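Per-chain residue numbering starts at 1, and chain names A, B, C and D are given in the order in which the chains are listed.
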Amino acid sequence: MVLDIKNVSKNFGGIHALKNVSFSIKQGEIYGLIGPNGAGKTTMFNLITNIFEPSSGDIIFDSQTITGLKSHKITEKGICRTYQNIRLFSQMTALKNVMVGGHSRSSSGVFSSVFRTKKQREEEIQLNQKAEDLLELVGLLEHKDTLAENLAYGQQRRLEIARAMASNPKLLLLDEPAAGMNEKETDSLYDLIKMIQSKGITVLIIEHDMPLVMKLCDRITVLNFGEKLAEGTPTEIQNNEAVIEAYLGKEEEYESA
Amino acid sequence: MDKLLRKSFALCAVLMLLLLAACSGENAGSEGATGEQSGTLNAKIGVVSYLTGAGAAYGEAITQGLKLAQSEINEQGEVNIELVIEDSAGEAEQALSASQKLMSDDNILAIIGPTLSTEFFAVAPEADLNGITIMGTSTTAEGIPEIGDYVFRNAIPEALAIPTAMEKAVERTGAKKVAMIYGNDDVLTQSGFETMKKTAEDMGLEILTIETFQKGQSDYNAQLTKIKNTNPDLILASALYNEGAVIMDQARKMGIEVPFVGGNGFNSPQVIEIAGDAANGLIVATPWFGESEETKVVDFNKKYEAEYGELPDQFAAQAYDALYIYADALKRAGEADRELFHEALAATEDFEGLLGNFSFDEIGDVVMDVKVVEIKDGKFVEFE
Amino acid sequence: MLDFINPYYLQIGSFILINILLAVSVYVPLSSGQLSLGSAGFMGIGAYTSALLTINFDLPIFLGVLAGACLAGILGIIVGLPSLRLTGVYLAIATLGLGEVIRVIFVNWESLTRGSIGLTGVPQIGRELLNLVRGFGFEPSMIGLKNNQFVFLLVFILLFLIVLATIWFVVRQQNSRVGRSFSSIQMDEKAAESMGINIMYFKVLSFAQGAFLAGLAGALFAHVMGYISPSDFSYHRAVEILIFTVFGGSEVIIGSVFGAIFLTLMPELLRFVSEYRYIIYGIMLVILMAVRPQGILDIHLLGRFKGIKRSKGGMR
Amino acid sequence: MLLEQLINGITLGSIYAIVALGFTLVFGVLGIINMAHGEIFMVGAFVGVMTTGVLGWPLWLAFAASIVVTSILGYLLERMTLRPLRGKKGVSHLAPLISTIGVSILLENLSHHIFGAGNKPFRTEFAEISIEIGQVTVYIVQIVIFAISIILMIGLSIWLSKTKAGKALRATAENLETASILGVDTKKIITLTVIIASAMGGIAGILVGMAFNSVSPQMGLAIGLKGLAIIILGGMGNVKGAMVGGLLLGLSETFLVAYGDSGYRDAIAFIMIILILLLRPQGIFGSKMAEGR
């Protein structure tokens, strides 16, 4: 198991955002997290990366408890994420964004930076190379010197993935990567995620685009009102009574979202 | 990236040089006509004054006093003085730059100013080092003439004014217990306070309490309530007139009726303006008593008012006298030479000025009699 | 030619250089998104520390200056650590408060600081340097300079070298992993943290560097002026320093340099400006924020200046 | 002495509280610290001096004039310095802070030029009326100040919670976007907020003039900084907090002078905020975590 979520709950001032949720993700799989708005999906991401601490329960990564670890330490351990509402460093170039992503895999400090030690120079060259490789992977190499804020929407989403990849994650968390993408972009996103999987990286994805989720994911957990509704393969989920009920009548909302 | 930086830096350096060159331009035009011609002694005196900013009123009074003296002196014809006036904006750095500008002009014979003691402390050592005589006309803080040989003042130091006022006040009121209040974030009032405290101890007065206040404060009730409860015979207040007047007003409202003894900074007609009847009972020692009926004072008042449309205050009067003292020394020196001038000035003795009989002591501090005045029925009168 | 070495110009030049240091001391924390209004306080710590050490213990000036800057830096760490829980305006207000508290302490700790009377007779760098070279048998007249020309020239050159070294340091740092971390924190703190950046460390680092630089500038100020008093380190000073940076351009270091040079020279050159200086400052801040919040110089303008395509966030 | 000092402390504290209410209102709605609030207060005081002293107007008219002038200032502040920054892309949250610092410098120095640097007396008959309670002299002005501060606090609370405009204001404070979707005219509400806050500054200005008989261009900075300290102390955007914080600061300053060292009087405010920021960043009454806005 790469990630074990054990009986995790989260309260915000009396409101239960998550209630006793458990699931585990195996090495190398693409795992989906779906559910209506407000079901607690993004909260789950925030708990895993410890932007909030869970009210109860444990999160175990690589057989180590990471609950309560500082966010940046969690990144060092090998979990990196993207955001639902894109959080790039908007005034930096695409290349620099990705280089910042490589922060936890580099080490030069003030002294070596100012005096440009040999080690520092080599590290910079390596980091630069790695960033360019990743930009190429997501198809943005030609835009490497463009400021992030000047990129198109779909490009920004892909840049965010490249930035997260720069931290050499074992587990990549993607929060609605296909939101706002057209069909063609969604297709190339599918290819990208599959390619990431092929590099041995485990992926946990929140997504509202059901066809994409069903096509992409190996297994899925459905959340509803902070509780786990169902877990299983895409086929199992599609045929699950409770899930269908939760989604029925809300269909329209999803189409428009 | 470094290239960009280097270019930008070069650009800035060029910009700086250009601007500096521009400064030099304005200087080049003003060659001084130093030297003797047809019997008159020509000299350029540098003035550093507080002309812009919060305390610009002081600097204005000073330069007005100087200019009035200048025109009179030049009219008499024996010496011809040119004033080169620089602004310090009340800031030590600007005062230092301005005086540096004056000192590097070889035609400048001596300097008057700067206005504030804080500025003077920064400027005077530099002037002393360069062998240029400098005199403060409004710098009353402790330790000014001690800075060096070339440093003088004609402003009455608090060490001279305060004890005189205190002695007379105690003599008349028979006070034994005093309370003290002073502004502790201002160089003048703090140095005044130190003098007051020392004098009170020397005179064997019992100090009941010592209170402080800070600039910009408008509520003194807490301090005054405390003072009121100690029941003093006399309140020693080292405050500038601005705050001092408000303190008196609040004290009287509270029912504190004892007299106040203040330092030189407390001495201004503004006190009556601000505090009204509450100002009655303020005792200060001053070199300048504007209500005096002596002819020279009345004449000066008249001339000053005709020229500037307002009555002179002590700063104007002291500056006026200062230029006369300089002119007198210049006459005795016989030549606009920095060294000769310095010697002549140091030897000033029994000079009869607007403010009375004036001499320098061995370190360049003031020797003169001071008057003690009090506010009675809304007017400054001589203290009896 | 040697007349050009005029103490007046050199004096102004020295103040410009000190102001550049101060502007950079605001710029560095700002580059990681932290607005410090306490620079006057840190400046005061540097000035008083160095002045007191050199006056009372005859410490050589350069050790005093170093001690002053370090103490300010250490205070920066002490203040910076807890202040990290504060972001944005809270930090600004807390540092503003700190600056005021420091000034009040200078005023009240009379046995040490002589209160508002201030410290006179602070050893001056120029004169000490002159004595030093005289010790080697060198006289300024040997190269055709007057004593005070020589003194001011030395001070200017020394300050120039310090400023150059500082800028070199900041620029190098900026174009590295450390600098990237600063600017990523400035742009999006949460995202920066999830990229594995230790926010706490880098924020304290930039805050303390700012404090150190302000302390350094303060210590140098003391030894150039020869006299310091608490009123030199008031709220108005902090605002003035802030304006250097904000006016010149808060996104590029050269903006601080430009702001400090321009705004120090302006009142010297134009007397009427001096009269209305603060009114102009006030109007300028309002207009700048509305029209050009990044200040006069920014990366785009610099790029156009030099014909360099805006291909780099390098100066950021 | 204790009783007298208590009265002094409450008077001072009430004035602080009124100033802080202005700060807290603007912060509550806009999430902005209005650094120019102290100077608006100072202008209000000068309007009082000019109308009563120079023009000889009665006190109530002076109050009205001061409120009008400071309201206009508030409107201009919102229109010229705050609105251009709102919703503009790439403007950091520090921009309004710096911009209002600009306004504060401008107003302070403009007053220098217009009114001169010195203290101006504020003479009204009303300020002379006092009553004796035992040994203690109490001025009517002191009671009025306390009463006005309480009335303002209660009035503001009721207005915020009960009236339609108040509710719209709170909705705006909650979330600008949502409020505008719900049909609240946020522009109008924000302008109204800044105007009300400024007018309260004007009222405080006149009260200070009456109570202490001293008005100077520098008083804006001195009291403004205290007001700032108070809202951090009481909790940003919290009406009750501003009131309690103001009284607390007024009393502690007075008692420090009475029983301690008056030299550190100006430092208490800031020592207090530094402590509160470290121990309880949301302030005494605040509930939200101190997130940067």
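As a convention for this text, contacts are C-beta pairs under 8 Å (C-beta built on N, C-alpha and C of every residue); 3 or more make two chains touch, one makes a residue touch a chain.
Being a predicted model, the structure only gives us computed values, none of them experimental.
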Handout entry: For chain B, the least number of touch steps when starting out from chain A
Key = 2
Fill in the blank from the handout: Label-sorted list of chains bordering both chain B and chain D is C
Handout entry: Chain at maximum distance from chain C, centres defined as averaged CA atoms
Key = A
Exercise for the section: Point out which chain occupies the most central position, where each centre is the mean of Cα atoms. Expected result: C
Exercise for the section: Could you tell me the distance, in whole angstrom, between the mean C-alpha positions of chain B and chain C? Expected result: 32
Fill in the blank from the handout: Note: chain C sits from chain A at a C-alpha centroid distance in Å of 42
Fill in the blank from the handout: In whole angstrom, the CA-centroid distance of chain A from chain D equals 47
Completion exercise
Two or more other chains are touched by the chain A residues 91
Completion exercise
Listed in rising order, chain C residues that touch 2 or more other chains are 107-108, 278, 312
Problem - Set of chain B residues in contact with two or more other chains - result: 53, 184, 214
Handout entry: Interfacial residue positions of chain A with respect to chain C in the complex
Key = 49, 51, 70-72, 75-76, 80-81, 83, 87-93, 96, 99-101, 103-104, 106, 108-110, 113-116, 120, 123-124, 127, 145, 147, 163-164, 167
Problem - chain B to chain C touching residues, read off their complex - result: 1-2, 4-5, 7-9, 11-12, 15-16, 19-20, 22-24, 51-53, 87, 89, 92-94, 96-97, 100-101, 103-104, 118, 121-122, 125-126, 129-130, 141-143, 147, 184-187, 189-191, 214
Handout entry: Residues on chain D engaged by chain B in the complex (per definition of touch)
Key = 1, 4-5, 8-9, 11-12, 112, 116-121, 123, 128, 130, 137, 139, 208, 211-219, 221-223, 253-254, 257-258, 261-263, 265-266
Fill in the blank from the handout: As the complex stands, chain C meets chain A at residues 169, 172-173, 176-181, 183-184, 187-188, 190-199, 205, 311-313, 316
Problem - Touch list for chain C against partner chain B, complex - result: 4, 6-9, 11-13, 15-16, 107-108, 115-118, 120-121, 127, 148, 164, 167, 171, 175, 225-227, 229-232, 253-254, 257-258, 261-262, 265, 267-269, 271, 274-275, 277-278, 302, 305-306, 308, 312, 314-315
